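Presented below are the structures under discussion, each in the form of structure tokens.
Both complexes below contain subunit A, partnered by subunit B and then by subunit C.
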Partner chain A sequence: MINRRHFLTTVAVGTASAAALAACGTGSSTSAGETGTAEKPVTINYTWWGNDDRAERTRKAIALFESKNPDIKVNGNFTDFPSYWQKRATEAAGGGLPDVMQWDLSYLRDYGQRNQLLDLGTVKINTDAFEKSLLPSGQIKGKTYGIPTSTNAFAVYYDPAKLASLGVAEPTGNWTYKDFNAFLTEVGTKSGGALFGSTDYTGVWWMFNIWLRQNNIEAFTEDGKLGFSKDDLKKWWNTTAGLRGTPAIISEERVTQLKPKSPLGSNVTVSEVTWDNFMAGYLGDSGAKELKLVPVPSDDPDNLGLFLKPSMLMVASAKTKYKDAAARFIDFMVNDPEVGQIFKTSRGVPASKTQRDGTTFEGTDKLVVDYEKSIEKYLKDAPEPPIVGFGTLEASFNRIASELNYGKVDINGAADAWFKEAEDLIKQNA
Partner chain B sequence: MTQSPTLSRRSASSAPAQLRKSKQRGADARAGYTFLLPWLLGFIALTVGPMISSLYLSFTNYNLFEPPKWIGLDNYTSLFQDERFLQSVGVTVSYVVFGTPLKLAAALAVAMLLNSKRRGQGFYRSAFYAPSLIGASVSIAIVWKAMFGDSGPVDQGLSFFGINLGGWVGNPAMTMPMFILLTVWQFGAPMVIFLAGLKQIPNDLYEAASMDGAGPVRKFFNITWPMLSPVIFFNLLMETIHAFQIFASAYIISNGDGGPAGSTLFYTLYLYLRGFSDFRMGYASAMAWLLVIVVGIITLIFFRTSKSWVHYSGDAK
Partner chain C sequence: MTTMATPTQSAPDEQVSHYNPKSESAGAKRAKSTLFHIVALGLTAVVLYPGLWMIASSFKPNSEIGGSNTSLWSNNFSFDNFVTAMEGIGGVSTLQFFTNSLILAIGAVVGTILSASVSAYAFARIKFPGRSIFFGMMIATLLLPFHVVIIPQYIVFQQLGLVDTYVPLLIGKFLAADAFFVFLMVQFMRNLPAELDEAARIDGAGHVRIFTSIMLPLMKPALISTSIFSFIWSWNDFLGPLLYLNTPEKYPLPLALRLFVDQTQSSDYGAMIAMSVLALLPVLIFFLVFQRYIVEGVSTQGLKG
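Entry: the complex of A and B
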């Protein structure tokens, strides 16, 4: 029978042992020595975000690096973009960031300004072959925290085969937002809802930034405050107000279902507004033979608001024990022509001239390179590392735009919500 | 029950024996604490220490990289103006209120079925327990996500019956039912405890009731329920606390962002996002402490009200 004392003791013992079990299983390993030898190589950790396609290419690049540098082993690891930053935060809090990391401009200040990243000016990395105008985007207050691997620019992707089957004319890229919306609507109507035009492009944070540039509005002021008003944001979200809920734009439910794949990669939409280096990923995911690129729409034909951004940077942890090995790996990844041959344009167009000239671009890779050449006359300077918390602002922009598409909030409510979060965040980081 | 044997022995012992005994007891205690030490050290270093530091951090503005800045109660007061926080409370409460009773009901029902003497009971018990073994893992959340996705087995099965809900994962109205189903399906742990409790109920009570003409419903409410009430109480308490802590499955199924449209923004998930996506550890700590306090209060309420419905067999009642 169940007796009170006996029962409670049993519960207590059970809980205690569960807690003891939970307490097991932590530990860390350290290895000594700054540099390795071929017999006793050092191991550095390298982490990146991306899909299977990038993982395969990175694996090849690492194998090549190891064969050329027998004294260094590289231990690679990757995740998708959103959880990438949560992992880095956890590691930074515990002082255990990987030795070398692929990095995004949005998060350079968050970590660089807070002494988490190695000053790459103190190690040997050759940057002679880089455009002088590009390097400042990896620098904060004169210190170099990131080396761009490559550049990317914003573009509209479209699938010519699907357009042909629907009988929709291919876009020329010389278009206004009204033209673009008409194009999306035509796709949705002609396909009878089987294919959607694209995702709601007003939910893309960078596209909003480009639109601000097209209207000569600074996204952020010099002192790190918001440079645009709530009305600007409402105006932007109103651009596609008539398309939400129609086949011009894929519903947010479907987008959520398809994750982690993109709608374009899943052959559900015919176009997408995003970075031009996503080509390889989209082709790999969708199995489409060909995707083409045209410039983003603009209501001012002389100002497309476009710029070349470091598509990604290579950084090292400030706490790495293997500065030399880390620097050699970064140098290899950004400069080596064979690495260029492996990645082609999947990281963007190689930033280092050595690497770019050593790479042969054919087929779709040539499209990406040609696209960046074709927009050269519209390009503005590469942006500086954006404000602290830029990545968080982007995440909250994407989330609120998604709620807008779910119909959970209206445009006014969405703009209020985003401004409240943004102002709160900027105040926190001030 | 029986009288404590130590009482009678102690009254018979003399003074020197008493002394010897207390020395002996001191040595016993030392040995006891020595054996307890590994656990105690772990408890202090890994639980008490972090708890105290998180209490301190909850009064600060701390971004992981720079030293914390003291801001008093600001984190706690701003919580209640944070719409996302209030949303996360709503999501979590509805999960606890609907999920826990359903899970316990399922656990009790299956335990009663498995309590009878039938061939192959061992197999059935293992089979019903299996989902709980794998249930908390990441892999099952991924399987679940696929099952309830667009044209997944659930969607296809339902449309066979003419119900077209589409994928549950992307529909904000369907994610909560999905999470409740997931937790109900993992009834194994409380079921095993119920089963152990059911086995403790003497069969003669049921026999006597049968003789008096009691039917199965009457037997359940007049024998099973009161006799099992300590176990029900224990399960209710543990499952409620667990339900408040739901994290892993929500993280996986929503791709770590609490979507779609915030419908899976569980309390701990929001806490995690605040801490590790937005670098607001002070705020996250305040949330953690608020959760501890609320769960503590709920536990207290459970214990208070338990006097009226939980019967221990040693009690006079």
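Entry: the complex of A and C
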């Protein structure tokens, strides 16, 4: 029989040596890392989130990369979005992040500040074909942690078939908030409450952000504080004060009942204010033949407050042993025209001009690309990576706005509640 | 109930002169029984509704699932979702996901049965120094939430180079790390008469012989309950495989299921639900086959006769 005391000692020694090994692994080097040859290729791990459709497209892209780069093998793996971050958090704590990863803007600062991501400025990735206004969204304090693969922009979706059946004219996209509210009210009235205009757009954080930009106010200052006042927020939530509880906008209660589908995807509303790359999802959920996109309303026709946001980025692990291989793979994924041809707009509109020009867009894809082209002259700089804890701020914005919609709080109470949460959070993360 | 109070026609030899709750007429009994069945069927329908919804939705097109569609019926029933589900994801066939789930589940059952029964025998029948302390420590691990040990465990397996293998998922089962099952078996063994062991020892049997020839056959109900639970738990486990497996070819079903729904892109609810129906079948079959032993396992906590 095994002596138990001896066994415990063994375990203790084993754990200690594992910790020591972990400590050894953190030494940093500035070299290009290990490189492979065609006979003895190096293997890098690449991970992404997405559904079976993206998995299929990525598999094709990887096969293409491997045929062009026989000295590198790419090991791909994927999960769904919520699990993706659970897994990354565990790996980051355990020191085992994959070499190359698909990334989301809201997690960039968090992982970048904790030195989990490689500074891509130190490796060779061609960014000549990128809009100069877009690159800062992947940079923190002068270091490039992420390269955008593709962009998305905010838009108003509408369902032309439903509008025609109600006898409501299609919007032109050249409109003020008053026009937009009148449009929503007309839909609600003419349908007799069977169809709603849209969700309460003042509950969408990014729409608020755009409204602030239209009024030349920054959402966050450079040192990570709030750039707007409580009065700005009250004014914003007042925009739809007259619509809440009418058929112009759908009630929060109904929105919750429809989950996990969106109201537009459930054929309950005729329009929605959100990112332009959700097109495929809305079409699939609703079964509608066609959805159209127009710019968001603005009271200043020359300043729509619109910007291109990276819909996703490519990053590398700070601890990767194959910096050179990782850089070549990222360069390929963001710049290669054939990769664009494989993904079309399923990642968003390709950010690199080389890739965008090398891709032929048809049908729905063309609609999204044309929309981004049509707003080109209104575009301003992309926002820099959101502050740490931004996800929580956005969630509390949504929650408090929906309480407002329920009528549980008034506008003053809602603004006070959100400001208190936001300030506490910013203080905590400072 | 009103039916009890009202006088009813009855056989002439039954003298119903005044209300007596203990002697109900046949009619009242039937009414009561009917009422009971209506209530029971109603409750069953409520409980079964999610299952019915799932089965009905697996035949519906994606646009008719969820959202504002609440009816079970659709005019567009088809097998398309099952076809999509069986096509696999990203070049990995659905059959592969099933095989992986089966390997993990069977591995978990075999490992748990082997290790938990041996450990339980030691705790229940062998007197060794510190037995009660070790037993207490084992029970204490039951109180430790899995999430507390995720990261330390991950670091250990990562440094050992065992990530992306089934070892981290199965090794615990083979080392009796599932305290619940050990505890279950210890309690079961404590109810078996010690005279049996003594008789065997007098006949010259050692621990190995006592364990294999006396304990194991008597423990059949406990072993079967353990198999059922460890099979189902492993089949449904999501977090473990998510953290430790990287290659899609090694994914079990719960990971694959999530891949049909992507809020950031487009979601195929139909295919996901169809695959859920398929994924349920093995568990359902396993349960149906062994179901009677669960009841037996509970009712024979101890020895008959």
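Going forward, the second predicted complex is superposed on the first by the 286 of 430 C-alpha atoms of A that agree within 3 Å, B and C clash if a C-alpha of one lies under 4 Å from a C-alpha of the other, contacts with A are read in each partner's own complex, and residues count from 1 in each chain.
Going forward, a contact is a pair of C-beta atoms (placed from the backbone, for glycine too) under 8 Å apart; a residue touches a chain by one contact, two chains touch by 3 or more.
Since the model is a prediction, treat every value here as computed from it, not as a measurement.
Which holds for A:Ala395: it touches subunit B only (first), subunit C only (second), both, or neither?
A:Ala395 contacts subunit B only, not subunit C.
Contact-wise, after the overlay, does A:Pro260 reach subunit B, subunit C, both or neither (first, second, both, neither)?
Both subunit B and subunit C are touched by A:Pro260.
Where does A:Gln86 make contact in the superposed view: on subunit B (first), on subunit C (second), on both, or on neither?
both
In the overlaid three-chain picture, which partner chain does A:Leu97 touch, first (subunit B) or second (subunit C), both, or neither?
Neither: A:Leu97 stays clear of subunit B and subunit C.
Considering only the touch criterion stated at the top, classify A:Leu425 as touching first (subunit B), second (subunit C), both, or neither.
first
Please indicate which partner A:Ile387 is in contact with in the superposed arrangement: first for subunit B, second for subunit C, both, or neither.
neither
Check the residue A:Gly50 against both partner chains and state whether it touches subunit B (first), subunit C (second), both, or neither.
The second partner, subunit C, only.
Does subunit B (first) or subunit C (second) touch A:Tyr406, or do both, or does neither?
In the superposed model, A:Tyr406 contacts subunit B only, not subunit C.
Have a look at where A:Gln116 lands relative to subunit B and subunit C in the superposition and call it first, second, both or neither.
first
Need the overlap of the two footprints on subunit A, from subunit B and from subunit C, as residue ranges.
4, 19, 83, 86, 90, 93, 258, 260.
Name, in rising order, each residue of subunit B that touches subunit A in their complex.
Residue positions touching the partner: 1, 38-39, 42-43, 46-47, 61, 63-66, 83, 149-150, 166-167, 169-172, 197, 200, 202, 227, 230-231, 234, 255-257, 259-262, 272, 275-281, 312-315.
Which bits of subunit C are touching subunit A when the two form their complex?
61-64, 66-69, 88-91, 130, 134, 150-151, 154-156, 158-160, 163, 238-239, 242-243, 246-248, 255, 258-269, 271
Once bound in the complex, which stretches of subunit A touch subunit B?
1-5, 7, 11, 16, 19-20, 23-24, 26, 82-83, 85-86, 89-90, 92-93, 110-111, 114-116, 252-260, 389, 392, 395, 399, 402-403, 406, 408, 417, 425, 428-429
Spell out the residues on subunit A that touch subunit C in their complex, using ranges where they run on.
Those in contact with subunit C are residues 4, 15, 18-19, 21-22, 45, 47, 49-56, 58-59, 75-81, 83, 86-87, 90-91, 93-96, 98, 258, 260-261, 265-268, 280-281, 283-287, 346.
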